[in-house]
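Have a look at the structure below before the remarks.
Naming follows writing order (A, B and C), and every chain is counted from residue 1.
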Amino acid sequence: MIQLQQIHRIFKVGDQQVHALNDLSLTINGGEYLSIMGPSGSGKSTLLNLIGLLDQPTSGEYTFNNQKVTTLSDDQKAVLRRDQIGFIFQFFHLVPRLTAIENIELPMVLAGIPSTERRTRVSRILDAVGLAERAHHKPEQLSGGQQQRVAIARATIMQPSVLLADEPTGNLDSASGNDVVEILEALNQQGITLIIVTHDAALGARAMREIKMIDGRIIDDGHQKPR
Amino acid sequence: MLIKDLIKLTSCAVIAQRMRSFLTSLGIAIGVAAVVLLTSIGDGMQRFVMAEFTQFGTNLIAINPGKTTTHGASIGIYGTERPLTIDDAAALEKLRDVEAVVPLVQGNAEVESTHRQRRTTVYGISGDMPHAYRVEVALGRYFINEDPSTPRAVAVLGSKLRSELFGSRNPLEQRIRIGGERYRIIGVFAPKGQILGVDLDDAVYIPAARAQEMFNRDSLVEIDLLYRETADVDEVVASIARLLSARHGRDDVTITTQQQMLDVLGSVLAILTFAVAALGSISLLVGSVGIFTIMTIAVNERTSEIGLLRALGGKRQQVMAIFLGEAIILATLGGLLGLVIGVGGAQLLTLLFPALPVHISWNYLIAAETLAIVIGVIAGVWPARRAAKLNPVDALRSE
Amino acid sequence: MMVTKSHARMRLNDTLSLTYGALRGAPTRTGLMLLAMAIGVAAVVVLTSLGEGARRYISDEFTSLGTNLLIVLPGRSETSGDMATLLMSDTTRDLTLDDARALMRSRYIRRLSPINVGSSQLSWRERSRDISVFGATHDLLAIHHWKMAQGRFLPLVEMDRATPVCVIGARLSSELFGNRPPVGEWVRLGERRFRVIGVLATKGRTVGIDVEEIVVIPVASAQALFNEASLFRIIIEARDRDAIRHASAFIKTTLRKRHQGEEDITLITQDAVLATFDKIFQSLTFTVAGIAAISLAVAGILVMNVMLVSVSQRTAEIGLLKALGASQRQIVTLFLWEAAMLSFAGACIGLLIGLGGSWLIGYLFPAITMGAPLWAVVAAVGVALLTGLLFGVMPARRAARLNPVLALVHHR
């Protein structure tokens, strides 16, 4: 469902060029569980942003669900992100003045879904991430693990086909990190494609397919190892 | 995005920064309050002056001798070789659609009763005067149209002059001297008040021909003419011009309709009110700089939130709408607060200075509030556009 | 960072450089606050110089009429301020040429001219124009400081001599005669014939009448033309400033005597009128400046708002300063200096804009001599500084009271 062909991503800093992604090709099928690892600055986040349609390759082809997306307009990509892609960040990125429920509702608000439908969907998902009694708390009143679970709920509320997680456990202790990973893996079991960027080798090893990056290239693509 | 959700999102952001939002709105509020207060005073003045003028009715026409004017008055009233006469006035009475004609001679003379004396204005006029100027006779009667060539020595007092000369005593049938000549008082006018500094109550009214004799002149200062409400002004003016041209051999009078005067006066006053409102708007301008500043700060502070919204599938316009909405809410609230302060201030003014004509007009209130909202849009649009244009990846990375 | 514990106070240049750094750190924000302050100050400056310009314009108009003038009008009303009725009123007793002549005897009076005005039609051959006629005497030229373009002014003869001569305004001359020299031509005023003896060079207006479009004839001729026994007014020039008082006393007593003890004239001195106008315009300018100054209060609120934001954003910095030993007082001082510098710089920019704007208006409308009164400039800058400081107090105190530990922890 995701096809990257000869992707280059070059940043210009002053008159210097940073080759963040260098001739990268990658195919990901629906329902896969993928981890991306590599040293700092190797281009993992850049790759994830590209897959998530937040960024544009300098050159190369990107096909998402059999649709060439490099030529889509800004708004069309926004709609794709909203309906098909869920993001989970290292620093949670919750809106501090909104309650847990309101944060989770945000993508549906942007999609213009009426509030009655939102309520039923949110209460279902709150149960799934185990935050039912924290529904009306603000982010500052939640622990890191709880905040990340709110973020996961928000990322999945639109029932996307891909979940992109950039170091989702980077800011969590191992116990709550583990909780978060288990939730994510459960979602993958339900058929969502899951891509996790991580520095944690143990976490990376849990994925069905491990990708290793250095200097903007994939140096190891551990295809479909048996579970 | 549903409009309800947009309002909720934006107002949530406004409430989250209570102090900041309050101060920003206060800036707009002061500007709006200034505009409301100043226009209320301006509008009050305008109404006051207009009411002063229209108390004489609106279908009056003034005819002055001479063609050249100064300060809006005809030079001819000071001197002209072809003066307006009482006969001209009599001729004008026969025109179609003319209801009343008042020849006017104006002078200044010593008025003496048995006990007191006072220098005051003397108006020489005709029996049509109460009808034309809409004055009531409070006491006694008025000189009914009599033979203008042999008018009797009778006088009607203005209400103030009456109390100056007679106090509370009955002045009717009393003898007074005006400019040394003996007159019999036959009536007293009801108070009419001042009009542009001219006190019509502190005056004495005598037949025009008598006044001409007294002041040793055979001309009139002015002829005032009341036409039927149903008549066409332009036609009346044209027929007056025709008649007087025929009588004088040439066109040598200045004809001014009350409506013209009201129009000129009205537009002058409206310009004044507008200028005053513009003065008040300087504060609004500064207030709009305030909204602009605070929104720019908000966009900077919430860059990563903007990135998040974009990652969650928010379109550029949606981000724009959210920040523009915040600016508009700030301005709208400020405007409403300003209306409250302004109206309260105006009310306080009327309480403190009852003589000051203050009139709060809905039009200006609505205009001020609309202006505030427009200011919100203008001041908010640049920061909001900046927010919308942010690159989502960069925005997410900022912390 | 020079925060030494041994000194209770920071050195001024250190304070300034710290503050300057803080302001430079957020250039957009600083620029916007400067803009707000500048708008307020510029508005005050421009509006007051407009008011002052208008005042000067009127006062110039009055002075251009002549110097040390007194005007006698016939009639008097006991209703105060009732000039409008007075101006168009007749009186039982005329103000006559003999009255005017009687006034000439005073040594306090340098010169005078009796005046009659009226409206008439001036014609030459087929051309004719509706004009204003001034009946006057020889001395009016000197009293009004008028200048002649061609020919002479009215001859110096007895006031009651009705010589058939006239002097015409410049525009009238060109409209009626084109390029021909008008002097020596015979024109008609109404039914009477007059010989043109001169053309006025002066522009401008007097008693609201355009001097370029008037015809001046001997006052006796005007009285005959308009069949008017009374004068419109007598215009008198006192010998000097100090003589005005004596002259007006003389005029009053002389005319009362001549009018059988009745005080039936009104005497206006140019000084009194000027003073009244000055007062009106000054209060107008003051009001306008006050309204414009409201915007300075709004700018002050903006400064307070932005400084509050800045305090919360610079929490870590403040915590650090405190950890390094800065006292509450020092922090308050630091923030107040920031507010003061902002408002002062804003005021200076506003002053420049305001003066530039005034200059531009003066340049575009040369008739108005613009010039912001000093009090307005001082007040504008002063009020700007004051509001800046006043509204800076609250954020500064909030900064000073921050708990240093929390302040340091607050920032990630």
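The criterion applied here is as follows: a contact is a pair of C-beta atoms (placed from the backbone, for glycine too) under 8 Å apart; a residue touches a chain by one contact, two chains touch by 3 or more.
Remember, predicted model here, so these are calculated numbers, not experimental data.
A.B. asks: Going chain by chain, each one touching the next, work out the least steps from subunit A to subunit C.
C.D. replies: 2
A.B. asks: With contacts defined as at the top, give the pair, B-C or A-B, that has more of them.
C.D. replies: Looking at B-C and A-B side by side, B-C shows more C-beta contacts.
A.B. asks: Calculate how many whole Å lie between the centre of subunit A and the centre of subunit C, each centre taken as the average of the chain's C-alpha atoms.
C.D. replies: 72
A.B. asks: Could you put a whole-Å number on the gap between the CA centroids of subunit B and subunit C?
C.D. replies: Inter-chain centre distance comes to 24 Å.
A.B. asks: At what distance in angstrom does the C-alpha mean of subunit B lie from that of subunit A?
C.D. replies: Their C-alpha centroids are separated by 68 Å.
A.B. asks: For subunit B, jot down the residues that touch at least 2 other chains.
C.D. replies: Within subunit B, residues 399 contact more than one other chain.
A.B. asks: Can you list the subunit A residues touching subunit B in their complex?
C.D. replies: 49, 52, 54-55, 74-75, 78-83, 85, 87, 89, 91, 93, 95-98, 102, 106-107, 109-112, 114-115, 154, 158
A.B. asks: How about subunit B: which of its residues touch subunit C in the complex?
C.D. replies: 19-20, 23-24, 26-27, 30-31, 34, 38, 65-68, 70-71, 73-83, 105-110, 118-121, 179-180, 196-199, 202, 214-219, 221, 250, 252, 276, 279-280, 282-283, 285-287, 289-290, 292-294, 296-297, 301, 399
A.B. asks: Would you pull the subunit B residues touching subunit A in the complex into a rising list?
C.D. replies: 1-2, 4-5, 9, 12-13, 16, 304-305, 307-318, 392-393, 396, 399
A.B. asks: How about subunit C: which of its residues touch subunit B in the complex?
C.D. replies: Where subunit C meets subunit B, its residues are 28-29, 32-33, 35-36, 39-40, 43, 47, 74-79, 81-86, 88-92, 94, 116-121, 130-133, 135, 189-191, 207-209, 213, 222, 225-229, 232, 262, 264, 288, 291-292, 294-295, 297-299, 301-302, 304-306, 308-309, 313, 412.
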